[in-house]
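The data blocks that follow each hold one structure.
Below, subunit A partners subunit B and then partners subunit C, in two separate complexes.
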Partner chain A sequence: MPTILIDNRELTIPAGQKLNAIEAARMLGIKIPHYCWHPGLSIVGSCRMCLVEIGSRDPKSGKITMQPKLMPACNTLATDNLVVVTDSEKVAHARAMVEEGLLLRHPVDCPICDKAGECKLQDYYFKYGQDERRADIRPFTSRRRDLGDVTLFVDRCVMCSRCVRFANEVSGTSELMITGRGAHEEINVVPGYPLNNKLSGNVVDLCPVGALGDKDFLYKQRVWFLESHPSVCTGCSTGCSIWIEENQDRIYRIKPRQNPFVNQWWICNDGRYDYPHVHDARRVTQPRGSTADWTTLPGQLREALQSAGRLAAVVSPFLSVEEAYLLCKLIRDIDKNAVLALGPVPTVGEDERFPKGFIISAEKCPNRRGVEAVLAYFSGQVTGFEELLSEIDLGQIQGAWVSGGYKADWIGLATAARFQRLKLLVVQDLFPSPLMEIATHALPGAAYAERPGSYVNRNDRLQTAAQAIRPPAGVRTEGSLLWELSCRKGLYSPGAVLTEVAREIGYFSAALGPVPETGVDLKANLLAQASPVQPNQA
Partner chain B sequence: MSYQPVLLANIHKKDSHALAVYQAGGGYRALRQVLKEMSPKDVVELVKSSGLRGRGGAGFPTGMKWSFLPENHPGPIYFCVNADESEPGTFVNRVQMERDPHQVLEGIIISCYATRASTAYIYLRYEYPLCLRRMQSAIEECYAAGLLGKNILGSPFSLDVHIHRGAAAYVCGEETGLIESIEGRRAWPRIKPPFPAVEGLFRKPTVVNNIETMACVTQIAERGAAWFRSIGTPPEPNNPRDPGSFGPKLFGLSGHVNRPGCYEAPLGITLRQLVEEFGGGVWKGRRAKAAVLGGLSTGVVTAGEFDTPMDFSGPLRAGCLGLGTGCVVVFDETYSMVDFLHNSCRFFAHESCGQCTPCREGTHWALQMLNRIQAGRGRLKDLELLLEIGDSIGIMPGTTICGLADGAAWPIKTAVRKFRDEFEEYVARTNPEGYLDTTPVPGMGTPQSLYSIA
Partner chain C sequence: MTQDKKKSPEKNVAWVKEPQLGMSGKSYLLLFLQGLTTTLRHLFSRKKTVESPDQRHEIPDSLIYRGVHRLNRDEQGRVKCVACFLCATACPAHCIDIVAAESPWPDREKYPQTFTIDELRCIFCGMCEEACPVDAIELTSLYDLSGKSREEMVFDKEKLLSVYDLTKDQEPPRTKRSGGTTSNPKPPTK
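Up next is the complex of A and B:
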């Protein structure tokens, strides 16, 4: 294992890890400023902000020899006996000069810049910059250029070329380029070929300054008002880790959350701009039925379920593992022979794959795998939606609980009409649908950002999402309603339910204990669980 | 002078660019001998023992550069010849390619044989149309004569030579910028490591050598390493890192001299000899004030430093970047160093590729200041700032990827330090009210007008 020396502190790098000096220093809590380097992109070493002094230590005598020149830390591999100095006067001077250079022609229009507050140029200036402006160059105005999916503020750019490399290497679409030379360089696109790909939103996150603006977020909110909540994207079965950023229960933007096992540093535009449905005015926000009062409704629902006869539940693939478990358990507790069916799984086209491995899945729901595992545990098999419909047609079922959560129309008039013959129909969903029209109890559902819970992605990785915002008034989340209906005490606790699930269902056993930020891999348990699960046996 | 030109021996013959003329003078004899009698390793050893150092500017030992190539590399090895001669004041490669293209080509074939390269690219600057025609016809003659192509002269060695015409960017003369440009990309020099010898053109091991180096290889193969070492300056005894400066060198002489031109002389000749004996002295009977001694980027020397020997270590002692291309521009006593520096800064600000922050912004900032100084709004404080910019950009302090910023910095450093009195006098004379001012001044110039030719 290589041992290196950073600012007189020893660091042993774990075997098999290939780190550069920036990453190695980070392990010691030493921050090396950088603009152009990004772990997900190739190294160009052009911003020169990460310059450090490099040397080597003779393993025998311990004598340290320093190189006379400054070297970029991003291109310095942490090999054995490397010596890195980041706090010398020489390094500080180089950083100050780079910072001064970058600000020569920068418009310094922070008051109207979206990036202000999370801008590297600001942060580094306060930390490493000079206190006096010595240049007498009149800053340019902040010219705006439409690049397609994003807006470029030409003069704020520091030419780190991250966005250009992203378009070349990660999205593989190469729309962006640099035109001009020297101080006249600008990011641009070929006329008629705008930046237009499904990963384009990432260039805004990559931009260390305010040059690339997200058209969706532009001028909507100052970033220091935003609060970030770790969550999981429910746009498709890839299940990217995300940050939901909100202010006072309104989501303003969604950003990727680094997860080496799922999405690395990226998310697709579908997921990034997926939040407007949460604040859609058409959402159902009040329960409708015999009574619309949440204080008495749970008791009535329970009574109605108990007296309905043979029950069925449609478990939506948008439900979290905890909610699916609570629903199945509730229905099975009331009726031992209840039919548990998987809700329709929306699929669009085929999986889209990108050069560096990013996948946008065709399956546009977050938790089919998790719900299937819960269903298999309770009923020994996964009943499809069509099978359930035919059983209803045969008159074998009298009452049903249908969970929705779909972001678009998911059930047509003809299908909904087949539920007409049921004595009891409870529907909990986000948007009005033909099924809601005929429901005996139509309950408003909560959107993904409003519900805490766990999702299992296409690769059997379970990730936990926190509740980011509160649901609109009148809406109770699926979890808390089911929790109350199950006669459990206190407030809904998804953690307690997940522990229960992990104890009872072999597939989820890896989720016992705290789930790390990047999730847990449930695949290991698939091998242990070679024999099919028996119904109602743990 | 007792020295007989070798590299330029052919150029005055009629049709010196034709294969027949070149062969009549003994051309391609060395190549035949190398292919028949020597292994590639022998050639590398021969060049190593000759002490040949690259003529492009940095003076890196050529044999050593070749030996960095990985041994037994399974894939292709590429050989690039740098004919992107864009250094201001420099024109010697042009003379060679126009007048004696076969001497260069023979060197290329021998060098490719030594480095086991099967494809060579000549990166030719756009502004040399005659060179393009002469080199192209020389290559075609060689193909027709079996000197290029499959199984050269019946040996198992095959080689293809292509000319790649640049698009007139100075930075393409930097070896990795040149490689990027051949690959069809924007000429942004690459960060090293990996060095081109390991991962160069098309991510394969690559050697990049200068045109003049190639001609020297031809002469070393023809006349031997001992002959080469008999010319030039031996290593300094008290500097173990100095490999010496051996061999003949082409010197371009321009500016205020009576006989400007391209001359051949042994390395180590003094600047004064060059100007007096070859150039016929400063024109119009005036005295010299300064000279750029190896292309603009090496900086300036004063008239008092004219005894600087023109070898790889002499210019360093005179505070210059190095020998550079060995092309001298002489300024007479009437010439303003402020104008010189303004011109220099304009060139480098225009040619900076814009990749590294210190170079992109530093060259631009320096130009802005000189624009203002020239316009009569300079201040003494600006000279300090100029020096600070000069001292903090380039690969010498380590703040940039390639040496373009060093090239921009050295004229600033040498001109302002060596001609400080003149700068101060200029500032005080043109801005008598404000030359002592230290408060920030409003900027001048718009982006459109910055580089307009005044």
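Up next is the complex of A and C:
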């Protein structure tokens, strides 16, 4: 295990880890400023912001020899007996000079720059820059250039080349390039070949300054008004970790949340620009019917379910694990022989894979695996949607609860008509559908950002999403409604339900206790589940 | 306690005692006469009250008076504001609402599509004026602010610009600078 010395503090790097000096210093809580280095990209060492003093210690005598020139920390491997000094006057001076150099040709149009508030140039200048600006340049407006999916503010750029490397290495599309040399370097695209790949939104997050602007977010909000909530993308079964950034219950942007087990640092544009459906004006926001009132409705629903006869539930793959469990338990408590079926699983095309392993799944729902595990626990096998339809056609079912949550039309007129013969049809969905029209009880559903819960992605990783915004007036989240219908006391607590699920269902037993931000791997428990003694039987 | 005080090593601390009142002080006669003199002086001095609204108050220094807001125009008559939201950020009463958009002019990046101030909610603290990087929002010396409805008191961009047109002659904009990013004195080469 290599031992290195950073600012006179010793650090032993765990075996098998290959770190550079920036990452090693971070382990001690020492921040080395950097623009061009990013853990997910190759190293170019072009910004010179991470310059530090480097030396080596003789392991026998303990004598330290420092190198006369400063070295970039990003390109210095943390090998045994390395000595790094980050707090010397020489380093501070170098940082101040780099900042001055970067700001010489910078427009300093911070008031109208969308990055202001989360800009590394601002942060580092305040922390490491000089007190006064020696170059007397008046602020000016940056030139704008359309690169395709994003807008480039040419003069704000610090030429860190993160975006160029991203397009080369992660998305593998290589649209971006650097033209010119020296002070005339600029980011550009080849005419006729704009930046338009499925991961292009990430270059905006990567940009440490305000050079790359997201066309969707540009000019909409200042970043300091936004509040971030950890969540999980429900666009496909990859289940990327995301931040939902909102202000006053309105989502303004989605950003990737670092998760080494799922999406690393990236998300795709499909997930990033998925949020407008949450604020769609066509959404159902009131339960249908003149007598439909949330104070009396839960009681009516319960009575109707109890008197309907043989029941069925369509559990949507958009429901969280907790909601699916509550729904199955509720229906099974009322009718022991109820049919529990998995809702239609939307699939589009094939999985898209990118050079560094990022996958956009073909399965466009977040929680098929989680819902299937819940269904398998309750009914032994997973009943498909078609099987349920044929049972309805045979007249064996009198009442059904259909959960939706789909972002687009999911049920056709012909399929919906097959539900017509039911005595009771409860539909909770986001958007109006033919099924909703024939429902005896049509209930509004909540969108993913509006309800807390856990989702299991394609690799059996369970992640928990927080509630980011409140649902529109008139909408009750699936979880809280099912919680009340199940006659549970107090407010809906997804954490309590998940604990219950983890205790009862072997597949989920790893989710017992607090779920870390990066989620838990349920696969580790598949072995335990295969063993003869099941946790809920023991 | 008193002993502690005497022993106190703090040499820099001076202990002050409340002065004892003498005969004149105890009778309050002197103070009473002092107060009465002030009253009499004001009784015979020049009147300062005016018959408002027929007569108008004179604002001695409009630069430091905080009345109704205005949105300044630049030399070309366009709104000076660059929609940076700094006034809305500084506003403690949250009375400023801006919707920003890409500007229709080539020399400007961003401009306010709408700019509304709820004058009823405003506490006239002047923070917006101080926060503005381009001196676009200013408080004038207009003090008689009235309206027939709440809606009328929510001033939009046009109304705020009209306040500028109304007051620009008596109160010229405080600075001549055209704004942080409105002009490009030395365009970058190429």
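Please note the rule applied: the second predicted complex is superposed on the first by the 522 of 538 C-alpha atoms of A that agree within 3 Å, B and C clash if a C-alpha of one lies under 4 Å from a C-alpha of the other, contacts with A are read in each partner's own complex, and residues count from 1 in each chain.
FYI, a contact is a pair of C-beta atoms (placed from the backbone, for glycine too) under 8 Å apart; a residue touches a chain by one contact, two chains touch by 3 or more.
Computed from a predicted structure; not experimentally measured.
Contacts of A:250 after superposition on the shared chain: neither subunit B nor subunit C is touched.
When the two complexes are overlaid on their common chain A, residue A:45 makes contact with subunit B while staying clear of subunit C.
More residues of subunit A are in touch with B than with the other of subunit B and subunit C. By the document's definition of touching, neither partner reaches A:31: not subunit B, not subunit C. Look at A:112: by the touch rule set out above, it reaches subunit C but stays clear of subunit B. Legend: residue contacts after superposition of the two complexes on their common chain; A:184 is shown touching both subunit B and subunit C. After overlaying the two complexes on the shared chain, residue contacts for A:102 are found with subunit B alone; subunit C is out of touch. Under the contact criterion defined above, the residues of subunit A that touch both subunit B in one complex and subunit C in the other are 105, 137-140, 184.
Residues of subunit C that touch subunit A in their complex: 82-86, 89, 100-102, 107-110, 133-134, 180-190. Residues 43-49, 51, 68-72, 75, 93-94, 97-98, 100-102, 104-105, 133-140, 158-159, 161, 177-178, 180-185 of subunit A are the ones touching subunit B in the complex.
Interface residues of subunit B facing subunit A in the complex, by the touch rule stated above, are 169, 186, 188, 191, 193, 349-358, 360-365, 368-369, 372, 385, 392-393, 395-401, 440-445, 447, 450.
Across the complex, subunit A meets subunit C through its residues 105, 107, 109, 111-112, 137-144, 155, 184, 218-220, 222, 224-225.
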